[in-house]
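Can you read through this structure? Questions will come right after.
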Amino acid sequence: MRAYLSRRYHFSASHRLHRGAYSEEQNRATYGKCNNPHGHGHNYIVEVTAGGQVDPETGMVCDMVKLDEAVRKNIVARYDHTNLNRDEGFRDLVPTTENLCIGIHKMLSPVFAAGGLGPVDLVRVRVEETENNSFEYAGD
Amino acid sequence: MRAYLSRRYHFSASHRLHRGAYSEEQNRATYGKCNNPHGHGHNYIVEVTAGGQVDPETGMVCDMVKLDEAVRKNIVARYDHTNLNRDEGFRDLVPTTENLCIGIHKMLSPVFAAGGLGPVDLVRVRVEETENNSFEYAGD
Amino acid sequence: MRAYLSRRYHFSASHRLHRGAYSEEQNRATYGKCNNPHGHGHNYIVEVTAGGQVDPETGMVCDMVKLDEAVRKNIVARYDHTNLNRDEGFRDLVPTTENLCIGIHKMLSPVFAAGGLGPVDLVRVRVEETENNSFEYAGD
Amino acid sequence: MRAYLSRRYHFSASHRLHRGAYSEEQNRATYGKCNNPHGHGHNYIVEVTAGGQVDPETGMVCDMVKLDEAVRKNIVARYDHTNLNRDEGFRDLVPTTENLCIGIHKMLSPVFAAGGLGPVDLVRVRVEETENNSFEYAGD
Amino acid sequence: MRAYLSRRYHFSASHRLHRGAYSEEQNRATYGKCNNPHGHGHNYIVEVTAGGQVDPETGMVCDMVKLDEAVRKNIVARYDHTNLNRDEGFRDLVPTTENLCIGIHKMLSPVFAAGGLGPVDLVRVRVEETENNSFEYAGD
Amino acid sequence: MRAYLSRRYHFSASHRLHRGAYSEEQNRATYGKCNNPHGHGHNYIVEVTAGGQVDPETGMVCDMVKLDEAVRKNIVARYDHTNLNRDEGFRDLVPTTENLCIGIHKMLSPVFAAGGLGPVDLVRVRVEETENNSFEYAGD
C-alpha cells in the first residue's frame, strides 16, 4: 500500500534573474521586470513529496522528524533570509525558480537514497514563488 | 531535465446549468440548484500547467510573459465578467466546469503547438469553481 | 469580559451592476465591466461578527447553532445559487456588495434584537466578493 | 474526454499516535509529540478525486450530489467531532493520517464500484492534516 | 505614529465541551456535537496584535524575536499536541475557544506589562478554531 | 450609512534591515536574520481600507477603478520587483514593514484628500509581509 506524504516548508529570499553572458537588452527581453537591478524577493514555499509503503506497524510512510531535520538543515537554513544570487549553487546558474526546484531535488535525493528516512522515495519537489506561480521537478 | 510551471489566472462569471433538450424535471434532477432560473456565479481560478526541458541558458521552462498574454487574450478577456451561457462556445454545450476546462484546453493547445512559448507542452488545465470544487483536463 | 465571535458563510450568486435611471453611458462609466450585459458572478463569503459577555457557565458568547440557523435561513437560502438582481430586496437598489452587506445587516439585526441568540450584539457584517475585495458595514 | 473532479470535505477530530505493542520509549521515539498522552486534534480536509468520461449530454463527469451524500454519510458523519482512536476501524490500527487516508479510500471504493455515481473511478484520496502536511493514497 | 503588528502562531489540540455541573441533556443541548464523548480537535491559529509607537531609530513597533519567545514558551509549548481539558487552566472552566482566547490574553498581558517587548501594548488576541470560526478578546 | 471597502494589491520586493548609524553588532542584535548581508525578500500584500457613505444612487462607497489606478501608479509600480533599500523614501529610513505601511499611508492620503475617489476617507493601510506577519497604520 503505497502512500504519499507532502510537507511544506517556508523561506524568504531575494533574487535577480540575470545572465552574465547576455547583453543588457537580452537580459531585459528574457527576464522582463525580474531583471530589474538590485533584485526583488519572494516568500517561497517548498513542498516535498515522499512516497513509499505504509509501515504496517507504525502506520507511517516516512520518518517525518528526520525529513524535517534534513530539509531544514539542507534547504531552509541555506536559503532563508538570503540573496539567492550569492549562493554558491547559483554562481554559474540563473536563480530561476525552475533551477531552485531542481537544486533542491538534487540536494534531497542523496538524503532519501541514504535510507535514513525509511524505505521511501523522493517523488517530487514543488516550489511556490507567489500564490499564482509554482514549479515542479520530479527528477529525470 | 523536464520541469513544470503552473500559473493561476482569475475571472468572475455567471452560468446556469440547463440542457434545452431536457424537460424541466430532468434539468432539476440533473443539475439541482445549479439549474435555478436566472443563473448564479463564481470566482473561477484557472491553473495552466506547462511542461518542458529547462533551457540551460535561461533557466526557464516557458516564456511566462507570452503565456500570460495568451491566456489573458484567449481566456480571461473572453470570460471575465460575462455570462458563460451567452458565450458562443456554449451555444450547444452546457457550461459545466468540466466543459469549461476542456474548452480552455482546446483554446490553449494550438497556442502551445504553434511554438511561440518555447519547446513546452500544455500538460493540464485545472479550474477551481469554489474553494471546495475543482476540475482537471489533460487532453485525450 | 466581552468577546467576539466571527463566523463565515458561503454562497454563490450572480449580479449585474446597472441603474435603470442612468443612460447606458452613465452605467458604463459608473460600473465598468460590472455593467456587462447578462451579468457575471462570485463566490461570496459572509462573515458575521457577534459580540457579548462570555457566559460564565457555558464559556460561550453566543448560541452558535441558532446563529447558523438564522443566517442559513435568512441569508444563504435566500441568495445561494440565485441572480441577485432578481431578489426583491434589489428591485429598487443596485446589487453592489455594499448594498448586499447593508441588506444582510438589516435582516440579521432583528434576529439579534429578538434575543434568541443570547445577550449578544450584531457587531459587523463583512462580505468578501473576491479574494482581493471585501466590504464591511457595522450599522449606523 | 476523461476529466477529473476533486471535491473537498471537512471534519474535526482528535487522535493519539500510540501502538499498544510498543513500549513507552518506542512509542515516544516513533511518534514524538503525536504520542503525547490524552491526544490532540486537527481540522482534517479530505479531497476526493473522481475521474471519468464527461457525459456528452450533461457535461458532467460524476453525480456530485450523490458523491456528497456518500462522503457525508460514510466519512464525515463517522469521523466529525470524534476521537479517531475510538473508531472501530482503528481498534487494531494506529490512526495516522496515512491509515486514515487508506481507510477512506477503502470505504469509498465500493461506492464507486456500485455504479451509483455514474461511470467514474475513484482516482485518489488526499487528506490534509494541517496546512503544511498532507497525505495521498491512490489504491494498489 | 502608532502602528500595529499582528503575528500568527499555530498549535494542534483536542478538547471536549462539557460542564460537570450540567446533566448529560443540558450538556448536549448546550454544546451539541462539541459535547461528543472522547473529544475532537482542531488546528488552532492564534493571532496576537501589538500596538505602539514606531521607534524612529529601528523602525519597529515591537521586538518580534522576544514576542515569539514569549508566545512560544507561554502558549504554544503549553497547548500544542495536548488535550485542553487536561490543562490546569481548564480544570474549572470549559475549554471553549472564547475561554482559550481570554486565557491567552491573560497569560500574555503581564509579558507586555513587564516591558521586555518595548513600549508596546497587547491590543487583541484572536483565535481561529476552524477556517470559518474565530474569536477575539481585547481585554476589559 | 457608512460602509468600508478593503482592497488588496500585491508586489514582490527585497529589503535588508540595517541602520547605518548602528555598529554591525547593534544591527545584528536589533534585526537578527533580517540583517543578513545582501538582503532577502517577500511577496507583500497591501490592503487599503476606505470608508464613507454609500452613495444612494450608485450603491458604492468609492470609485474602485480610480482607487486601483492610484494604488497601482503610486505604490505597486514604485515597489514591485525592486529592492526597497534603493527607494528614495528609504534613503534615511530603515525599510521595515512598519515604515513601509506608514509610507504607503502618506502617499495615499493626499489622493483621498484630493477628492477624486469620492467622499471617502483612507481608514487604514495594512501590509502582510508573510502569511504569519502583518502590520497596520491608520494615521495619527
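Note that the chains take the letters A, B, C, D, E and F in the order they are written out, and that residue 1 is the start of every chain.
Here is the rule we use: a residue touches a chain if its C-beta (ideal position, glycine included) is under 8 Å from a C-beta of that chain, and two chains touch if they have at least 3 such contacts.
Every value quoted in this text rests on a predicted model; they were computed, and no experiment measured them.
**Student:** Identify the chains in contact with chain D as well as chain E, in label order.
**Tutor:** Chains that touch both chain D and chain E, as defined above, do not exist here.
**Student:** Taking touch as defined above, what minimum step count separates chain B and chain F?
**Tutor:** 2
**Student:** Tell me which chain's centre, taken as the mean of its C-alpha atoms, is farthest from chain D.
**Tutor:** When every chain centre is compared against chain D, the largest gap points to F.
**Student:** Centre to centre, by mean C-alpha position, how many angstrom separate chain A and chain B?
**Tutor:** For chain A versus chain B, the centre distance works out to 28 Å.
**Student:** Once you find the CA centre of chain D and the CA centre of chain F, what distance in Å lies between them?
**Tutor:** 42
**Student:** Which residues of chain E are in contact with two or more other chains?
**Tutor:** Residues 131.
**Student:** Would you please name all pairs of chains that touch?
**Tutor:** A-B, A-D, A-F, B-C, B-D, C-E, C-F, D-E, E-F
**Student:** With touch defined as at the start, can you tell me which chain A residues reach chain F in the complex?
**Tutor:** 10, 12-15, 33-34, 36, 38-43, 80-83, 85-86, 130-131
**Student:** Could you list, by residue number, the parts of chain D that touch chain B in their complex?
**Tutor:** Result: residues 1-9, 54, 57-61, 65 of chain D touch chain B.
**Student:** Looking at the complex, which residues from chain F come into contact with chain E?
**Tutor:** 17, 19, 21, 30-32, 93-96, 98-99, 101-102, 131-138, 140
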